[in-house]
Every structure is written in structure tokens, then in C-alpha cells.
Amino acid sequence: MSAVGAGQLERVRVVEVAAPRKKPFPSNAVVIHALLFACIAVVAFPLYYAFVISTQDIQEVVQRPPRLIPSSHLLENYAQAWRKAHMGRMLLNSLVMAVAVAVGKIVISMLSAFAIVYFDFRGRMLCFWTIFVTLMLPVPVRLMSTYEVVGTLGWINTYQGLAIPLMASATATFLFRQFYLTIPNELAEAAQLDGAGPIRFLFQFLLPLSWANIAALFVVLFIFGWNQYLWPLLITNTEAMRTVVIGLEELIPRTGTELPTWNLIMAGAMMALLPPVAIIIFMQRWFVKGLIESEK
Amino acid sequence: MQRTVFRSWWLPYVLVFPQMAVTMIFFFWPALKSLQLSLYRVSPFGDSMTFVGLGNFTKLLADPEYYRSVVNSLVFAAGVTVLAVAGALVLAALATQKIRGLAAYRTLLLWPYGIAPPVAGIIFLFIFHPTYGVLPYFLSFVTAYEFNWLLKGWVALTLVIAATAWTHLGYNIAFFIAGLLAIPGAVMEAADVDGAGPVRRFRSIVFPLVSPITFYLVVLNMVFAFFESFGVIDAVTKGGPGDATMIMVYKLYKDGFIGLNLGSSGAQSVILMALVIGLTMLQFRFAEKKVTYR
Amino acid sequence: MPRTKTVWRSITGAVALSALVALAPSPASAKTEIQFWHAMTGQLGDATNELVRQFNESQSEYEVKPLRKGTYPETLTAAIAAYRQRQAPNIVQVFEAGTQTMMLSGAVHPVYQLFKEQEIAMDWKDFIAPVVGYYSKDGNLYSMPFNSSTPIFYYNKDVFQKAGLDPAKPPQTWKQVEEYSKKIIASGAAKCGFSTGWPSWTMVENMHAWHDQPFATRRNGFDGLDVQLLINKEFGVKHVSQLAAWQKDNVYSYGGRTGTADPKFVNGECAMYIQSSALIGGFTRGVKFAWGSGQLPHWGPPYAKATSIIGGATLWIMKGKPANENRGTAKFLKFISETNQQMWWHVTTGYLAISNSAVKNLEAGYHFKKNPDQWTAFAQLTRGKATANSQGLRLGNFVQIRDVIESELENIFAGKKTAKQGLDDAVAKSNDLLKEFAAANKQ
């Protein structure tokens, strides 16, 4: 990886012949497990506590000292939160938006990164810098003007209006480009010798190599799309189009003349965070693999 | 480095077209509009626009509140980055020791990344709540100091930094675990043979080897905390108390959306855009160096 | 390649699914739809929806569609953005702080004009004066009052009892508030004396009006756009510095903006509370102890006692809508202003009934005898002596001004600035905002 690592490797080759390898002490393992456990407990506590609150009724929530074990009102709280915030429809909207953003962005980024790396055409560097400049410009910065643009296109309160403006930034393109740059030249040469055109090269050769990247990007983009708040709030006009993160805000009274029902709010929060967290847990192997590979 | 390329006069244009179209329509066009707005004084409903040249900019740059928001943004971003990156490195280092259960630990450490910042903010708000919160309750047994984030700016700032760092941890840990696992086992063995303790080993071998990843994550976390942290602030403190948690992005939103001052908001957008371009150029320079670094 | 095929299948699946959902036909309706954007959540949101439902069922030509668009500021911004796209709703609920912005915008269809055009009769004189005065220009009503409230004084009767105070007698003066608070804290019945919600609205705006002090020049902004704030004069400094001093010994405990301090009262942490009368419903349902209400405390001489000012929001009609929709809108507004609906709305939500006939009916039904707290609010608004200082505020950029004031209050209560410093800074910034508003709205 770096000059330091190479140097160490040299020393190892010399040393290995001389002395046998030693095993680490078993007591180390206990300490490490204990530390990890403590850290995980701290990291997991907020979620655990949110879950506990979501199972209590409002009296138990305000009780002093606070109860830290789950209570029995789980089903009724979740049912009530579901009803009050129309969770079913909202979860569907969030799902459609998140999947659309993830898939859409992956597709257009892959195609444009492929073009930039594997073709030499007029305007190539211009395209690259144009796309590059958009890296991570936050949505609030271009919010009102984007709304006007979307309005001109007639996409207010539609799935297209929700998803497509979120595809405008170029993180994925950049990652694909980096990844493609690490693919050895020989592969492309071999493909050309084979008589394969660029499209065949893309699908037969590059795509199979990219799955880890694609999986990682899918996770990142899905979460990005699912967790959007400000843009969906502005662009949706009807209850039928709203997403789940907005639905959660609906449960929190902000006009200041109502007492918040924290147990319902936490139930809503749990429902809002479960899908993206589930995606991470299921796809984490590819997620980690893809991040590192594309990062190289 | 000479790359093998394909020859086609039309195909590359077709391939880049979707990305360029989306970027042009939904990025550059609005960005230009913001730029335009920044030069005008606009009435909320848009029915009157007066050209004021750089008036909005000079006003901003003369406003101590604006500088405070820049400082807040820096403090916030630094706090989140230090907490999220250092914390992630320590946790990843622990998890990749020669112990069993790596997969399980990794699962348990990654998942907060999926939680939306506003949702995390709401959960932390409740935990830190001066009346209902479980944290002030337990802290009250330790000290009489009132951790009232509604009045004490630093407590509010700590709250939002903690909530944001919490959501970033998972992402950073994923990177670090992969990076640590990529260190050849032989290198670690050599250190063992040398008689190096775990701390020294970490300091002189592991840390330099993962420094590229660390650097990448520091830049990424800083940019993310600087710009995408809007959700947490909006869900929890709304810039308060006073303006202790007023970061640049939130001020932009507040002036534009709530104050309906589109001209000033546009000017703030332009300044932020310049900052982002600068930062991403920095990141690009770094990334390119890494590629040839190998 | 099997994997690629699966990926393509899922992509096409996702696209198909979204297309399907996007194109799903909505049930055809022959009724004219009226879009109504509001910011009501929780039980107030339910009550709003119920009121709309009652209207929809009472006739078959129009259907009002309510939508919670966000918080008050979010709803206003969304309406503006939508208006610029010619996609504005028919009715928008805007909070009182947005009144001047709406009035001068040229994007609204004044209510009195709407009724005149639609030739629907409306007894404007029947509305209670403080509410109408706030939202009228030249004697004509611009927006329809919907949810109006005023701040009143709440107190915990159980705590009073425990501390040896008479639970039937709330304090009338600020000196008494201090006295009672100290007694309560000493007896251990509660941790703090009193707290407040909506700090700028209750402690600055309403206190000035209540004590017949001007909040701003030009009759609090009613007379023109070249306005300046007057809250850093003798009264403002006196009241705020007293609050800051009380904050030190828990006589006063600052609890945040909007309604964040509500738990302090509900939990029994603070014995007394100043907040919107609209909380009466929520307290009745959620509070476990015996409580009562009284009028806002007063400093007494040399300050006169005027009235308090209203808060809440009104319904604004957006311009540029077709005539048949306007007719439906007018009918909806007429419906909600009828006595029966007024009474129902008041009893369900706790917001004030805005017509004198409704109030008379409520009185006849002994409603106020059974709910003396509601009478408190009403009496405070209408039975005092209305003066130029107590009719309300009409200031541009008022949302930001309120924010500035509350921000400086926080600095003052945290001990970072003295009351005079903080208020001076607030006035300086606010005057700037007012100047900007005047420039952007040159008439």
C-alpha cells in the first residue's frame, strides 16, 4: 500500500526464517471484547431507548425515574402511529423514491463514467469537470430555484419530481470513474482483440467486475433517498405522495399548543428507520467490499 | 498513462447525455437562478425585483451573525469529524483484533448509518430533553449543573454534534474495517515478534498504513457535516439557543424560507457554492495523488 | 449472465412499479375541489379535518381538501413557491406574524372582496373587535380568522394548596407572582415559580400591549412602513431585566421557544405558566393535577391596563382562482363562521369563538360557567380598555423579528448580555429588517 508497508514486508521475510510466530495473549481478547461491548452498548443505547419509549403509554413516558425496560403497549402505539401518519402509503412512497434515486443514479453514472474513461471525445474533460463540480452541493442551497424548474416541467407532486432532481450530483460518477481507472488495460485490449464493441465490453466485462461497487452504491444512495426531508416536503402537495420521514414530523406538534405524544413519535421513528437499517444489515458484506474497492 | 480506448464518434455522447441532462437541468440551471437572485432584492411573492448588484454580499460580509454561522459550521464540522472518525478508527481497530465475532460486531456497529439525521435528532432531542430526558436525569445525580440545552449554547452544540457523529460512525467503521483487514498479516506478526505492545504497534504501523483512508474520511466527514447536517439542526435546535447552533446551511434556509429574503439567501448560496467547489477540488487533488501513490 | 438478468429484471420492476403508482387513477369527482393548506397537527389537525368533513357533507357542490403542508413558516413558503408556479392552493392558513407580508403581497384575494363578488352576505360587525382589527385594513377584513387565541395565566392548584396559598386566587400582579413563587419554592411544592411559552409573544408583545405600552412606532406599524421598534425603552428593559433576575433564583425558568416549556408545567416542575389559551383543551386532557387560570399578571401603576393581543392564524385566499372555486371558498368561510361551527370549534379545540353571537350562545349554554378558563381569555381580550397599543402588531418581516427578539432573550437569560444590551441589539437588527421590508415593498 505504501512505502512503509513495503519496508516492513522486507523485514518480515528475513525474520520469518529466524523465529517462530508468537500467538497473542488470551487475556487480551477478554479486554477487547469488554471494550467493544461497552462501546456497542453506548452506540446502541439511543435506539434501544427509542424502542422502549415506543412501547410505553404516555404516563410511563413522563414517569420519574424513567423506565428503561420495554412495556406492553407496542402494538397499540404502532397501530396508532401508523394510522395517524398514514404510514402505509408513506412507506411505499419512500420506497419508490429511494429505489428510483439509487437505481437511476447508478445507471446514469455508470454510463457516463464509462464514456469518460473509455472514450476519447471532444468535450471529454469539459463533461468531466461539469459533472465533478456538482459533488455534494447541498440541496437547501438550490432548493427554491430547483422547485421553480421542476414546476416549469410540470413535475410538482410526482414521483419524477421527487426522485430525478436528487440524481443531479455526481458522487456515483466519480466513484465509478475511480474504479474503472483501476481496471488493467489488458482487459480492454483483450476485449478489442476479441472483436467486442464498447457496449459488449461494458456488459460482459466491466459489469461483472462492478457488482461490489454497485451494491455499495445502492446502499448509500438508497439511504440518501429514503432519508430526504426538505425536498419531499416542498415538492409534494398531497398526503398521497408524502414520504415517511415527513410523516414522522407530522406526529410532532410544532404549533406549540399541543403536548407531544412521545411514545407515538418514537413508534413512528422506529418505522421510519427500519427499512434503511435493514438494508445495511443485509447488504453489509457487499457494502464494505464495494466501498473499499471503489475507494482505491 | 495511455489507456486503451474505444472508437466511436457518437456513442460517448449518448452515454453521457442522461447524466449531463440531469446535471444541467437540476443543478446548473437552479444554481444560475440562485446566482441571479443574489443580485436582486426580491419581494417574497416575487412580484417585485430590484437590482442591487453586490448589495446582498456586502451586507452579509459585514454581518457579525454571518461570521458566527461560519464559525459554528467549522466547530460543528470539526466536532463531528473528530468524534466520528476517531471513534470509528478505535472501534474498527478493536473489532479487527484477533478475536472471534468480527462479522457480528461489524453488523452491530454499522447500522446507525441508516438512520435519517432528523430521526436521529429527534431521538437525541428526547434523550437530552431538560424535562423528560433520561440523560439529564442521570446526570443530575452526578452534578447539580443544569445541562439545559435550551439556554446553554454549548450543550445544544454538543447535542447536535453527538447526534450527527452517531449517524456517521457506521460509514467510517466500514471503511476502517476493510482498510485494517487489508494490512498484510505478516506485517502485524513482524511487530509482534519485535515485542511491540498493541499501542505501539498501532501508533507506528497501523496508523500510518490506514492514513490514506483516514484522510479521505476526514475530508468526506467534514464536507458532509458542513453541508448535509441541515436535518439535525432543523429537527432539534432550529439554530438556537441564541444562534449557538446556527450553521451556514441552516442560516441560508432560515433567511430564504422563513424570512423569505430570497436575495440574501441567494447570496449565501453563491458563497457556499464557491466553498464546495474549493473543497471538492481539494478532495480531487488528494484522490488523484492516492491513485498514483500506489 | 444470470446476475445481470436479475438486475435488469429488478430495475424494470422498480420502474414499472413507480409508473404504475404514478399513473394510478384517482377517483373521479364531479365536485369542485378547493385546496386548503394548513399547519395544524395532532388533535388540532384532527379537528380541522373534522370541520372540513362537516362542510363537505353539508353540501354536494364543493369538496374542500385539507393538507397539512408543514409548520406555519413551511406552509407560507410552500404557498409562495406554489403561487409563483401558478399552483397555489385556494386557502392558506398563515400565522399572525405573516399578516403584513400577505397583506402587501398582491397575491391575495381579500376576504371582504371575495364575499362582495360572490354576493354572499356576512355580518362583519358580529366578529369580536380585537380579532377583526388585527386583520383589517381601512375597516375591511382581509383574511378570515380561523384559530385565534391569547395568552393567559395558568396555575397549579394542588401546588398552591401545598404551599399554603389559596388555590382559588391566582396572582394578579407581578409582585404577587414573585411572592407566591418564593413561597412555593421555599415550601418545596414545586421547583420553579413560573415559565412561559412563545417568549416574544407572551413576554414582549403581549406585555407591552397589556400595559398600554407601544411595541413599535406608527401605531405598532398599522400606519405605515417606516417603523421602528420601541421594546428597548423603559418598560421593556424593566420587565425583561426582572425576568433575567428571577431566572437566577428559579422564580422564572426559561423553557425554550414555541411550546417547548409546556412539560415544565404539566410535570409539576413549575407552579405557574403563561401560554396560549388554546392549550386549555390539551391541559384538560393531559394534566393530572387541579389547575386554574387567571388573567395575565400586571405591574400595576403607573401602567394602565389595556387588553392582550391575539395570536394564532387566519385563512388567506389566494388570487387568480376561477370563479366557481372562489364561490366554494366563500361558502366554506361562511360555513366556519356560523354560530354552530364557531361553538363546536371553540369547545373542541379551545381556540376563541370569534363572533359575538357565538359567544352569547356559549354564555347562554353556561359554557363559560363550566369552563371558566375560556372566559378568562375572552374577558382579557374584550372586556379591557382597548387602546392604540393593544390592537395588535402589523410589521413586515415579523417572523424574523420575532426570531431576533427570542434569540436576544436567550442571550439575556443565559447571562451573556444585560437586558438593555440584548434589547438594544434586538431593536437594531429588527429596525434593519423593517427597513429592508419597506424597501422591498415600496408602494
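We just call them A, B and C in the order they show up, numbering each chain from 1.
Criterion: contacts are C-beta pairs under 8 Å (C-beta built on N, C-alpha and C of every residue); 3 or more make two chains touch, one makes a residue touch a chain.
If you're wondering where the values come from, they're calculated on a predicted model, not measured in any experiment.
**Student:** Specify the chain with the shortest distance from its C-alpha centroid to the centroid of every protein C-alpha atom present.
**Tutor:** Central chain: B.
**Student:** Of all chains present, which has the mean Cα position farthest from that of subunit A?
**Tutor:** C
**Student:** Would you mind telling me which chain pair, B-C or A-C, is linked by more contacting C-beta pairs?
**Tutor:** Between A-C and B-C, contacts are more numerous in A-C.
**Student:** Just how far, in Å, is the C-alpha centre of subunit B from the one of subunit A?
**Tutor:** Roughly 14 Å, centre to centre.
**Student:** State, to the nearest whole Å, the distance from the C-alpha centre of subunit B to the C-alpha centre of subunit C.
**Tutor:** 36
**Student:** Can you compute the centre-to-centre distance for subunit A and subunit C, using the mean CA position of each chain? Integer Å is fine.
**Tutor:** 39
**Student:** Quick one: which residues in subunit A touch 2 or more of the other chains?
**Tutor:** As it turns out, subunit A has residues touching two or more other chains at 62, 107, 144, 148, 249, 252.
**Student:** Quick check on subunit B: which residues sit in contact with 2+ other chains?
**Tutor:** 132, 257
**Student:** At which residue positions does subunit C touch at least two other chains?
**Tutor:** 74, 77, 84, 260, 263, 267
**Student:** Quick check: in the complex, which residue numbers of subunit A touch subunit B?
**Tutor:** 1-2, 4-5, 8-9, 11-12, 15-16, 19, 21-22, 24, 28-29, 32-33, 35-36, 39-40, 43-44, 46-47, 49-50, 53, 61-62, 64-66, 68, 107-109, 111-112, 114-121, 124, 127, 130-138, 140-146, 148-150, 164-165, 167-170, 173, 178, 181-182, 185, 188-189, 192, 197-199, 201, 223, 226-227, 229-230, 245, 248-249, 252, 262, 265-266, 269, 272-273, 276-281, 284, 287-289, 291-292, 295-296
**Student:** If we count contacts the way the header does, which residues on subunit C are in touch with subunit A in the complex?
**Tutor:** Residues in contact with subunit A: 1, 3-4, 7, 11, 14-15, 17-18, 21-22, 26, 35, 39-45, 65, 67-72, 74, 77-78, 81-82, 84-85, 87, 149, 197-198, 258-260, 262-263, 266-267, 275-276, 278-279, 282, 286, 350.
**Student:** Please name which positions on subunit C make contact with subunit B in the complex.
**Tutor:** It comes out as residues 73-74, 76-77, 80, 83-84, 101, 105-107, 254-257, 260, 263-264, 267, 269, 397, 399-400, 403, 406-408, 410-411, 413-414, 416, 436, 439-442.
**Student:** Considering the complex alone, what residue numbers of subunit A touch subunit C?
**Tutor:** Spelled out, the residues of subunit A in touch with subunit C are 58, 62, 92, 96, 99-100, 103, 107, 144, 147-148, 151-152, 156, 158-160, 203-204, 207-208, 211, 214, 233-234, 237-240, 249-259, 261.
**Student:** Taking the complex as given, what residues does subunit B use to touch subunit A?
**Tutor:** Contact set of subunit B toward subunit A: 2-6, 8-9, 11-13, 15-16, 18-20, 22-31, 33-34, 37, 90-91, 94-95, 97-99, 101, 105-120, 122-124, 126-127, 132, 134, 137, 166, 169-170, 174-175, 177-179, 182-184, 186-187, 189-193, 198, 205, 208-209, 212-213, 216, 223-224, 227-228, 230-231, 234-235, 249, 252-253, 256-257, 262, 265, 269, 272-273, 276-277, 280, 283-284, 287, 291, 293-294.
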